[in-house]
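Letters A, B, C and D mark the chains as written, and numbering starts fresh at 1 in each.
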Amino acid sequence: MTLNVTIWNEYRHETSREDVRKVYPDGLHGPIADHLRSEGMTVRVATLDEPEHGLTEAALADTDVLTWWGHLAHYEVSDEIVARVQQRVLDGMGLIVLHSGHHSKIFRSLMGTTCNLIWREADERERIWVVEPGHPIAAGLGSYFEIPREEMYGERFDIPAPDTLVFVSWFQGGEVFRSGCCYQRGLGKIFYFRPGHEMYPTYYQKEVLQVIANAVKWAAPAGAPAVMFGNRPPLEKF
Amino acid sequence: MTLNVTIWNEYRHETSREDVRKVYPDGLHGPIADHLRSEGMTVRVATLDEPEHGLTEAALADTDVLTWWGHLAHYEVSDEIVARVQQRVLDGMGLIVLHSGHHSKIFRSLMGTTCNLIWREADERERIWVVEPGHPIAAGLGSYFEIPREEMYGERFDIPAPDTLVFVSWFQGGEVFRSGCCYQRGLGKIFYFRPGHEMYPTYYQKEVLQVIANAVKWAAPAGAPAVMFGNRPPLEKF
Amino acid sequence: MTLNVTIWNEYRHETSREDVRKVYPDGLHGPIADHLRSEGMTVRVATLDEPEHGLTEAALADTDVLTWWGHLAHYEVSDEIVARVQQRVLDGMGLIVLHSGHHSKIFRSLMGTTCNLIWREADERERIWVVEPGHPIAAGLGSYFEIPREEMYGERFDIPAPDTLVFVSWFQGGEVFRSGCCYQRGLGKIFYFRPGHEMYPTYYQKEVLQVIANAVKWAAPAGAPAVMFGNRPPLEKF
Amino acid sequence: MTLNVTIWNEYRHETSREDVRKVYPDGLHGPIADHLRSEGMTVRVATLDEPEHGLTEAALADTDVLTWWGHLAHYEVSDEIVARVQQRVLDGMGLIVLHSGHHSKIFRSLMGTTCNLIWREADERERIWVVEPGHPIAAGLGSYFEIPREEMYGERFDIPAPDTLVFVSWFQGGEVFRSGCCYQRGLGKIFYFRPGHEMYPTYYQKEVLQVIANAVKWAAPAGAPAVMFGNRPPLEKF
C-alpha cells in the first residue's frame, strides 16, 4: 500500500527572508518531500496561506500521515482547522511534529500542556543519542548521530511523558532535550522530532531524513477496529 | 501541612430532581467534603452557578487539590475558567476527576482526546480490581472492592494511556473499564476515578471515600522546582 | 522479507492425556503453525523433550520471533537455555508468551517479578476488550471478541506495568485481567497474550490466531542499530 | 512513622585503596547515613563481608528502604541473598540503586536486562537536568544541578524504559544518560540514581544527598493491600 503523506509547512520564512531562502530555495518542505517520494510515498504539500491552510476535509481524509512545521505564525492557524486535524488524528491519521511545531496549536491541543522549553540560537553542535534502539524509528542509525550546527532546545520540555522516548539530544552549551517522543492519542500515532531550525540545512541531512521516513512508516494507520462509543445494551443477561 | 481542597460540583441534579436530592440531600459534594474534613483537610465547595463557578484566581491559588464532578452542563462552564484551571494544574495543583467528569472541558483539554466511552444505566454491580497495589492510591484496600449498583462505563475509553493504571472495573453486564488512571501534566498530578452516578449512594461508600482521600494526598503538590523556560544564554563557554 | 518463527511448545499434555489430544491432535502448536504459515511465515516447531529443547544457538540465530507455551514443566527447562533465549531477546528477537507461559522461567527472568495471578478452571466465558485499538496487534478486530469457554486468569497479575496495554479480559465469574501486554526489553519486543488453556479449542479460534499473527509481525526485529557499550574515549575535546 | 533504612555498601574500595579512603574515610555509606539520620530516619549499614552480607531475613524484614552501592565484587554477592532481596522488594520494600550498582545482580534481576552502558573516567563535569519537576524526587531542586567532576555514564543504557524518568545527565565529553529512573516492581518501588564514583566526593554534595533522601521517602511502602494469588472460587454465581 502506498502511503499518502501531507507535508504542512508554514512557508513564511522562506518567502520573506533571503537568508532562509538561500538554505531552502524549495522551502523547508522541499527536501523532505523529495526524500519521502524517493521512498515510494505519495506526497502532497500544504501551506498556511492556501485556503483552509491546504487542509480541507478531503485532503485530510486522503492523508495517512501529516507532518507539521510552523514557527512564526502559529496563531494564524484557524481554530477550526486545528480541531479538524485533531479529530483526524484521533481517528487514526499519523502526525509528525517537527522542531518549532512544539508550540503549534495542534501539538498543544493534543498534549494538553504548554510545550514550553528553553532555547538559544548559537550555532551549537547537537548530538542525538538513540536511547531506545529497538524502536522502528531508530532503524538504520548508529548509537548516535550529529548535526553540526543547530538551535538549542533544552529541558524542561513541558510535555506529557512520552509513551516511548526514542532520542535524547546533547548540546554543546550544556543542555539535554527529549528530542524524539512517541505518543498514541485516540487511534493516531504522534511523533515529535526536534531538529530543524530554518537557518540550518538540517533537512538535507541523511540521518534526519531517515528518521522522518521511519516515523512516517511507524505512524501510518494500522487497521484499527472501528470502536463503538455511547449508550449500549447489556451484552449479557444478568 | 494542612491540605486545601476545593470540591467542585455542577450541583444541578440535586437542586432540580427530587430522586437525586433524596440520595444526596447535601449535594454529591456533601459526603466527600465530610470525609476529607474528617481526614484533617481544609475543604471548600464551589459550584457551577456561583460567580466564576466559584473558581476565582484567589480560590485556585489557595487550592492544593481540586476535585471535579459535572454531568449535565459541561458546556456551561466558561472557556476562560477552564483555561485558568488548566494553567493552575500545569503549575502544580492536583486534580481529581470523578465519574461523568470524563466529558468535562477541563479533562478533555488536559487529555487532548475525546474521552468517549460506552455506558448503560441498569443497576449493575461493579467490582473494582486493584491492578497496581503498590500505588499509594490503593493504600488500605483489599484485592478488590464492590459497588452494589452503579452505572456501567465500558471500554474503549478514549484517553491517553495512563502513566499508572491503578484500578480496572468489572461490570455484571459484560464490560471492563480502566477506572483509576494517574497522569502527570506539567507540575500537576491528575487522577480519574470512575464511580459516582448521581442516582446511587456511591459517595457514601467507605472504599470510595478512601480512594478519594488517598488520591488527594497523592496529587498534592510536592515542592516542585520553579523550572525555567524561554531564551537562555549558554551555561558553558564553547 | 519472510519472517522466521519458532513455535516452542512444552508438548506434554498432548502426549500424555487423551482428553487434551482430542482437542489438539497435532499439538497446541499445530493450529498456530498452520495459521502463521498461511500468512506466509516460515515456521519451525521446537519442544521441551528435544535436545537443548530444540533451541540451539543456530535455531535461535535463525529465529525472528519465538512463541512460548509451557505449563507443567517450567522447571525442566534448563537455566542455560533460558539464559540463551533471554540474551537473544535482548539482542532483538521477538517473544510471544502464551497463557500459562506467564510462569515460565524465560518470562519471569525478563519481567523480574513473580508473574503470579489468580486462576480458576470453570468453563467460563471470556470477553477480551480492545483498550488500545490503534495498536497494530489489534488490527482487524472489533471492539471486543469472545472465547466461549476458557480458564479464568485474574488480577492482581504481578508484572511490571506493560509499555502498552492492548487487551483487558472480562470473565463471567467476576474477574478482570490485563490479557495483552507489550514490552520492550533490550532490542527485543515481548507480547504476553492470555488465552490458551489446553482443554479448550482456543487456538483454533479466528480472532486468537489473528492476534498471534499480528503480534509476531509487531515483534519482528526492526533494523535496530548495533549499539555500543563499555569504555569509550571522549567524543569531544574538552 | 520513622523510616527504617538499610544502606548496603560493598565497602571494598575504601578498605583497600588509600586514595578512596581519603575521599571517604567513613566509607561511601558514611555521608549518606549521616544525611538520612539528620532527616529523622533510622539507618543501619550493611556490607558485603558481613555474614549474609548483613542482609539477614530479620534485617530485611525490618527495612523499609534499602540503598545499594557495589562495583568490584557484584559476583561475590550470593545468589541466595539476591533472591531474598528481590522477593522483599516485590513484597514492598523500596530499593535505591546507586551508580555502579547498575551492574549488581539485584538490579539486573529486577530489570531483566543487561543494564550495560558506556563509561569513561576523565574528571568530567556532569549536569543533571530535571525532566519531570513535578515528581517528589525532584522536590527542592532547581532546573538542574551540577557535579564538578564525575565518571561519565552514557546511553545506550540497557534498561526497561522507566515508569518515570526524573533526571537526564549531560556530560562535558558529549554524552547523555537517563540518570534518575523510577520503577514499580511487585509492591516495591525502585529508583536508580547515577552519580557516585568512588574517587569523587559526590556523596557529600547537598543536591545528591537531597535526591537520595527524597527517593527514600518516595520508595517507602505505602500501605499496599495484601493481594491474593492462586486458585480461587468464583466470586459470583453464573
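Operating definition for what follows: a residue touches a chain if its C-beta (ideal position, glycine included) is under 8 Å from a C-beta of that chain, and two chains touch if they have at least 3 such contacts.
On a predicted model such as this, the values are computed, not experimentally measured, just so you know.
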When C-D and B-C are ranked by contacting C-beta pairs, first place goes to C-D
What angle of turn lays chain A on top of chain B when you fit their CA atoms, given in steps of 5 degrees?
180
Among all chains, whose Cα centre is located farthest from the one for chain D?
A
Rounded to the nearest whole Å, what is the centre-to-centre distance of chain C and chain D, using the mean of the C-alpha atoms as each centre?
32
Just curious, how far off is chain C from chain B if you go by their C-alpha centres, in Å?
36
Could you list the positions in chain C whose residues touch two or more of the other chains?
127, 130, 132-133, 143, 154, 156, 161, 163-164, 174-175, 184, 186, 227-228, 235
Name, in rising order, each residue of chain A that touches chain C in their complex.
92, 127, 130, 132-136, 138-143, 163-164, 184, 186-189, 222-228, 235
Per the touch rule above, chain A residues touching chain D in the complex are 127, 129-133, 143-144, 154-157, 161, 164-165, 168-171, 174-176, 178
For chain A, which residues are in contact with chain B within the complex?
86, 90, 109-114, 116-120, 122, 124, 152, 154, 156, 158, 160-161, 163, 172-175, 183-186, 227-236, 238
